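Read from first to last, the chains carry the letters A, B, C, D and E; within each, the first residue is number 1.
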Amino acid sequence: GNKSVSPDSSKDSTAKEESSSAAAPTEDIKSEMHIAINAAPATLDIIKTGGDVGRTIADGNIFEGIVNMKSDYTAGLELAESYEVNEDYTEWTYKLRQGVMFHNGQEMKADDVVASMNRWIECCSNASQMIGNSRFEKVDDYTVKISMEESLMYLNELMATAGQMPAIVPASTIADADPETGLLKEYIGTGPYKFDEWQQDQYIKIVKFDDYTPYGTPGECDARVGYKEAKTPDVYFDIVPDDATRVAGIQTGEYDFIYKLPLDNYSMFENNSDYTLFNDMNGSLGMIYNKKQGISADSVFRQAVNAALDMDAIMQSAYTDPTFYRLDSCYMYQEQLEWYTEAGKEYYNVKDMNRVKELLDEAGYNGETFTLLVSSDYQEFYNAAVVVENQLEKAGIDVTLLVCDWATFLSYRSDPTAFDGFITSWSPVALPTLMNWMTESYPGWVVDTKLIDMEKELNTSTSKEDSLTNWEEMQEYCWSTSLPISKFGDFSMCCVSSSKINNMIYHFGPFAWNATVSK
Amino acid sequence: MSMEVVLEAQNIRKYFPVKGNMGKVVNHVKAVDDVSVKLYRGETFGLVGETGCGKSTLGRTLMKLLEPTAGTICIENKDITNYSERKMRSVRSYIQMVFQDPYSSLNPRKKVGQILEEVLMIQKIKCDRQKTVLDILEKVGLRKEHYYRFPHEFSGGQRQRIGLARALILNPGIIVCDEPVSALDVSIQSQIINLLLDLQEERNLSYLFIAHDMSVVKFISDRIGVMYLGHLVEEAETAELFANPLHPYTQALLSAVPEANPHVRKKRIVLQGDVPSPLNPPSGCVFHERCPYAKPICSQEKPVKKEMAKDHTVNCHLYEK
Amino acid sequence: MKKYVVKRVLSLIPVLIIVSVVIFCLIHLTPGDPARTMLGDQASEIEVENLRESMGLNDPIVVQYVHWVGGIFHGDFGTSIFMDEPMYKIILDHIGPTISLTIYALLISLIIAMPCGIIAARKRGKSQDQVISVFSMVGISVPSFLLGMLLIILFSVRMKILPSAGYKAIVDNGFLKHIEYLTLPAISLGLMQAALITRMTRSSVLEVLGSDYIKMAKAKGVKDKVILIKHALRNALLPIITVIGQSFIALLSGATVVETVFNIPGIGQLVVNSVLRRDYEVIQAVVLVIALGNVVVNLIVDLLYGLADPRISLE
Amino acid sequence: MDNISAKTTNMQEEENIAVLKKQLKKEQRQIKIHKFTNNKLAMIGAVITIAMALVAILAPVIAPAGPYDMLVSDRLKNPSSVHIFGTDTFGRDLFSRIIYGARVSMGVGAAVSTISLVVGMVIGLYSSYYKTLDSILMRICDGLKAIPAILLAIAFMAVMGTSVRNVIISLAIVYIPDIARITRSSALMVKEQMYIESMKALGASANRIIWFHIAPNVLSPVIVQTSFIFATAIVQEASLSFLGVGVPVPAPSWGNILYEGKTVIYNAWWMIVLPGLSMAFPVLGLNLFGDGIREVMDPMSN
Amino acid sequence: MAEQEKILEVKKLTTSFKTERGKMNAVQGVSFYVNKGEILGVVGESGCGKSVTAQSILRLYDEKYLVEYQGEILFDGVDLLEIPEKEMQNKRGKDISMVFQDALSALNPVFTVGEQIMEPLMNHQHMKKEEARKRAVEMLRLVGIPAPEKRVSQYPHELSGGMRQRVMIAIALSCNPRLLIADEPTTALDVTIQAQIIDLIVELNFKMHMGVILITHDLAVVAETCKRVIVMYLGQTVEEADVNDIFDHPMHPYTNGLIESIPLLEDKGVKRLHTISGMVPLLNQIPKGCRFAPRCPYATERCHREMPEFVNADGRHKVRCFYPIGLE
């Protein structure tokens, strides 16, 4: 059947399985599933590195965490059976599930969890910033705890939605990690699939892990959390960088699922019962200013730039059609009801040339060049950049577009003298301060001390209400005064599966478990 | 005739490697084997001999178009054997060559006028080049209007004359003529020979004249050398050679000259045996296998040069003193 | 000749040294580094710095170079932080598909180009010539990725007779599957090369058609076709061999675009991916291998010159 | 008396020759013009090439809109009377972009092919002539050919900033060995001809032999290869620009229009077909023209 | 002598080249015949069209781009200019073969001489490779090339001028043609080899009844071998007669001049050789009347105005002149 997952119905991604027994491998079910991804991950050590593709392949399939993300961006328990926290949110204790096996045959114990979690805290900049010097400790074989100096109410959210995954791996693999790079040499987790083979530039293959014991209620799986079962024994993630090739491949049946459908091709699959389309709000696009140096260090100038932008044109050029984007001034997602606020809305999408002129005059703008950095690896960013350039030029700001490949982009981006603004996107997170551009060290560099204090306050608050008011204030402050970024809007990512795939759970990407492919 | 030597070559050897299947050198063609020649100012030295005996190779070696395997070459008393290509260039205007194969020695993409004018340009001769070229064309019996034609539009004989014009245009001191008139009809041939003689008289030119037509050679040469299989077997003044050929090969050669008279049938000396190959020359005297007068010593020892009369030398065991 | 071959093979050493120095310099001129690309978007500056340090990227270039060359002498061609495999295996894995594809594409192009070129030369100025000329010029100007996509749409999506993308190794899947998957990419590469070789054949054959020996062959009663194929083509072979050699080299060192469109894990993809993620050691190793390949292919081409034209001696 | 008549005949002769020279020159000119104008295809080639060059030069006059004028809401509109070639993914007028694109693309094509032609021929000719040079230059070419163009381009960009120049230099470096090899192959054959030996006998310098006698005889395969390079350089330019190491971006070029069109190949044919056609034109023109030059230079043809 | 069978008869052959300067008739209205077993000598001024005539008989020039033929060439009664190219291919090299004037450029530089000799053998006589090779060696030996077993595998550029010419002869003779057109076959040969080759041709001509057209400048060779001679001047035949008649009393002033120009071995003390004064006109500037008139010592006003016919003057002696020498 034709199923289109629209943003407002994203709760649907909690797939209700009709009957778990019927889905056992039978003759009319294939033993292989081919998912075409658009790029090879740098590594599957997703604790050390972030990245969509790596998460899609490994998170939940191979690796599991103590907690993981649910479809409403909150945390659900995965490897932990339960947890306790003290009143001021400084001491967290997790009870682990017993009898959970690693792919190498060992049982998961507290030692493994402690080693994994502490490695994560060190690797993940969000985590190390919020957790500081505290580390997990073993209480007994199945209990771990962490005590912190300052309260951290959102530890679970941090673990569930941070850019890098706090995956639990055997302590021995951590000890065996490559001494030079610190990367894991073996990908051993506790998930329903185990890593089998990585054919460079061809595919990554994961296979069913026979000793996996599902948790939760059969048939109930909310995004990554719930009852998981490897129904298709072999899953291939075919690495297909060329967009058109993926599109052709789903049509020829080469692939059962393609990741990142070029949006212009959406209409080809619409109203076609052979395919299922997935269209899910996936992140936000925006321009991050260099607040450390150069002309955009002046917040008034940033305001001027922001006032010149026509967000609709930008988003349309990047995402082709309102089906795939929405204009929204809130840094957090509409779906994250608790965090949603319209504070600062009036500064968004103003496209008022008089205002721009006023602001430019106020900033004393003198025809200096605004260097806009963008990577050509992402067509959408590049498209947006072209439009931004066009609009700013029209507004009387001299813009140089600096387009480069990803590696160059990363290195220029970390050099405050190289750019004034760059275009990027970020994924939804459970806590506003987890948005990477909020951190001081992230390129763009938040230097506004007031904003930094507000962040700190939010992080350490111990009541929901406090943090929400904090947040509202903070967003208002950002839009009106500090303007660390200009958010353009939210966008969705499209994927297509052949309608032969059943029970595919989709949330930021396809999940292989529980899904079957009929012949 | 002065007795000034303009070109002297001593003990020239030129061997070509012969390659086997895998490009390995399996043998050598001894195209020129220990030949010494002298050319005096204002004289014509005729060179005759069996085809493939190394006349052209000798000519090309003297021009240093081929590196001699051994031996020395002196031009105007300067030893040019080890001259570099660059240094040779200044010598080139003095010694010129008419190639045996006229067509392939002309660049098919250049018009005759260009070919000839270029020569003047190369040697940086300042004059009305086009006029000089038109003149020389006429001199060799072509027409001025041929100036803008490509070599392929000419007949064999006409091409040969272009080659000749190219050698003459520079006023060289020595010309190596490798069959310069073989493709010409007798009337043009006479015209060319007259021209060569006139020039010689005018400018005291020296010719090394390679030809097959004995009557032409006889007519034009002052001295004649006879080559056989890479060796210079006999050398004498023209009249002397024709009157008194010593080497059995020379005798056979002269007897084979046809007559331009249908009524005369001459008696030829027919040589016995196969023509030997320079790939694998016979031991001793290279001619002994075909020589009607061969003696046992001929197959064992190489004969040395002997002067039988004034300026008449021969390499043959028959003439032991 | 043996000497010549040995000499040429020895000349590899300076080539490799120079190439390695050049490539090393180039790599270090390019912004970006493997540590940063490995750690990705989210990594903190400190972590990147640590990784750079432990990878030795902060050493002076000369030290890095000496270190790398030293490794080579111990049989260690470096390691990729992105690919957890020994270097020789990485290269072998990628070179297989490329070689298959190259040979297949060249075969296709030769089968098309030789007859077309000869016909065009023979019918110079006639309609056949013009049709072939126009096709070959279109072939030259259609980018291979476009051709590839059109082929996919036609043969895979519409007609469903050939797979659209992917690669099946001979050893695992058998020859037929292997060929099946390579057919479309080979065609799209082959057509482009065919266009060039056709033009080259036409023009070189035309060059020799006016020669006397062609006339001579005619006088011997040799048939027209045989004259063209045996006498004319043989004499026109040098530039043709050269383009074939050059095509071979070009394809070997990466039919990048086509490999991407058809998702073939070949050298071209390896090079581009390594360059894009600054996988230094892989770039260095691959470039050296390609240089080696070039020297070998050109050696073969040069030896073929000698066979094609006995007057040429390169020694 | 005798003297005087000799003088007059001399003068007369001078005059005759002068007349003849003039006559020959005139005839020659006529032949050349005739040969070229009679070569219809070459004329068509020349006309196409010149027309394309004019289009590039006169782009601001011809183009109905600016190459950067965008109206995003108008994206991917079919060709119509407003936008005769339709619009691109940013809603820019494709016709104008293609016309402006001619500047970059033909510029890059021409520059790359000219540089590699000149440098490649120098390398090829000299290495065919001097054996020691051969082993050095050819090995350098082998090495050059191994270095990936993207790497070169990225490195150049880092050193010299983004500009078309980087693309041109990096592509030229990649293509020089091709021309060098093709030149060398023909030159090796030509070098063995008797007429080269005869030039040596005339005392021609190596340079003269190389440039006046070998070079014209190797041109025809070189022309073919050069026109091929012209075409591939245009496409390559795009793939490099796309990595940000080429033409500073929103600037239009046929290659990057094609690349943008690639993603919409299923729903906007004009984004592929039209820039593709515009690329085929100069290639066709150049090839026909090159053929014509070959014919005119070929002494055997008439 | 009984009237013999004509193996080849050329009637009013005209060959015109399409050149940059327009059409040029290199050969105009040439007629002659060759009998079976006869050697016909062709002499004439350099550039008068001998080679062009020879090559026209085989239709070697490219008819599409280069030349235009007119007239008739009857070989065994069949007009060669009419038959299709396919049939012509069958005749070339097998029935009629040719020795080219320029031996180096006519041999294919990239094949060994052996391969080049074997080609027509395998083509026309359907020999096996081995057999053909043996035959090639035999042919080389026949034309007097030493060490033929080694020479077969050499390339043309490795041979001397004379050897190349002999290779050409070997190719031409390999299939025992019925008509041999030899375009200056002995120019590059020394007299001994020349004698040998001429003997060979005469022998074949005698034994196999091979017709021969012998184009040469060497009047001595003509005198020794030919029965009948034609003399050409500027694209036309000007005289045709038995060899004795030509040498004894040439009728055309050109022939006369030619014979007088021969340098003789016995000549003593001559300082200059006799030449025919004047120059051959260009093909596109041919005089209206008799073509030789501008250079003819006996030319009258009529000669400059009118073109004389090629007519029988005295028995089998044909001449193109209003005032043949010795007939006044």
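Methods note: a contact is a pair of C-beta atoms (placed from the backbone, for glycine too) under 8 Å apart; a residue touches a chain by one contact, two chains touch by 3 or more.
All figures in this text were calculated on a predicted structure; none of them were measured in a lab.
*Asks:* Which other chains touch chain A while also touching chain D?
*Replies:* C
*Asks:* When you check each chain against chain D and chain E, which touch both of them?
*Replies:* Under the touch definition, chain D and chain E have B, C as mutual neighbours.
*Asks:* Please work out which of B-E and B-D is bridged by more C-beta pairs in contact, and write that pair.
*Replies:* Between B-D and B-E, contacts are more numerous in B-E.
*Asks:* With centres defined by CA atoms only, which chain is the most remote from chain B?
*Replies:* A
*Asks:* So how far apart, in whole Å, are chain A and chain B when each is placed at the average of its C-alpha atoms?
*Replies:* Taking the average C-alpha coordinate of chain A and of chain B, the gap between them is 90 Å.
*Asks:* Please compute the C-alpha centroid of chain B, do the same for chain C, then give the distance between them in whole Å.
*Replies:* 52
*Asks:* If you average the CA atoms of chain C and of chain E, how many Å lie between those two points?
*Replies:* Distance between chain centres, rounded to whole Å: 54 Å.
*Asks:* Per the centroid of Cα atoms for each chain, what is the distance between chain A and chain C, given in Å?
*Replies:* Chain A and chain C have C-alpha centres separated by 39 Å.
*Asks:* What are the residue numbers in chain D that touch two or more other chains?
*Replies:* 27, 31, 154, 158, 192, 194, 243, 262, 265-266, 300-301
*Asks:* Give me the residue numbers in chain A that touch at least two other chains, ranges are fine.
*Replies:* Chain A, residues with two or more chain partners: 244, 404-405, 408.
*Asks:* Would you please write down the residue numbers of chain C that are in contact with two or more other chains?
*Replies:* Chain C, residues with two or more chain partners: 30-31, 149, 153, 210, 212, 276, 309, 311.
*Asks:* Which positions of chain A touch chain D when the two form their complex?
*Replies:* So the residues of chain A touching chain D come out as 243-244, 247, 262, 264-265, 267-268, 312-314, 316-317, 320, 375-376, 379, 382-383, 386-387, 389-390, 400-405, 408.
*Asks:* Any idea which chain E residues touch chain B in the complex?
*Replies:* Touching chain B: residues 17, 19, 43-52, 101-105, 141, 144-147, 150-151, 154, 158-163, 165-166, 184, 187-195, 198, 217-224, 243-244, 247, 257-259, 261-265, 267, 270-276, 279-282, 285 of chain E.
*Asks:* Would you mind writing out the residues of chain E in touch with chain C in their complex?
*Replies:* Going through chain E, the ones touching chain C are 55, 58, 60, 65, 85, 89-94, 97-98, 100, 102, 105-112, 119-120, 123-124, 155, 157, 171.
*Asks:* Can you list the residues on chain B that touch chain E in the complex?
*Replies:* 16, 18, 29, 48-54, 56-57, 100-104, 138, 141, 143, 145-146, 153-158, 161, 179, 182-191, 193-194, 197, 212-216, 218-219, 242, 252-253, 256-263, 265, 268, 271, 274-280
*Asks:* For chain C, which residues are in contact with chain A within the complex?
*Replies:* By the definition above, chain C touches chain A via 30-33, 36-48, 50-51, 54-55, 81-85, 90, 93-94, 149, 152-153, 156-157, 160, 163-167, 260-263, 265, 269-270, 273, 276-278.
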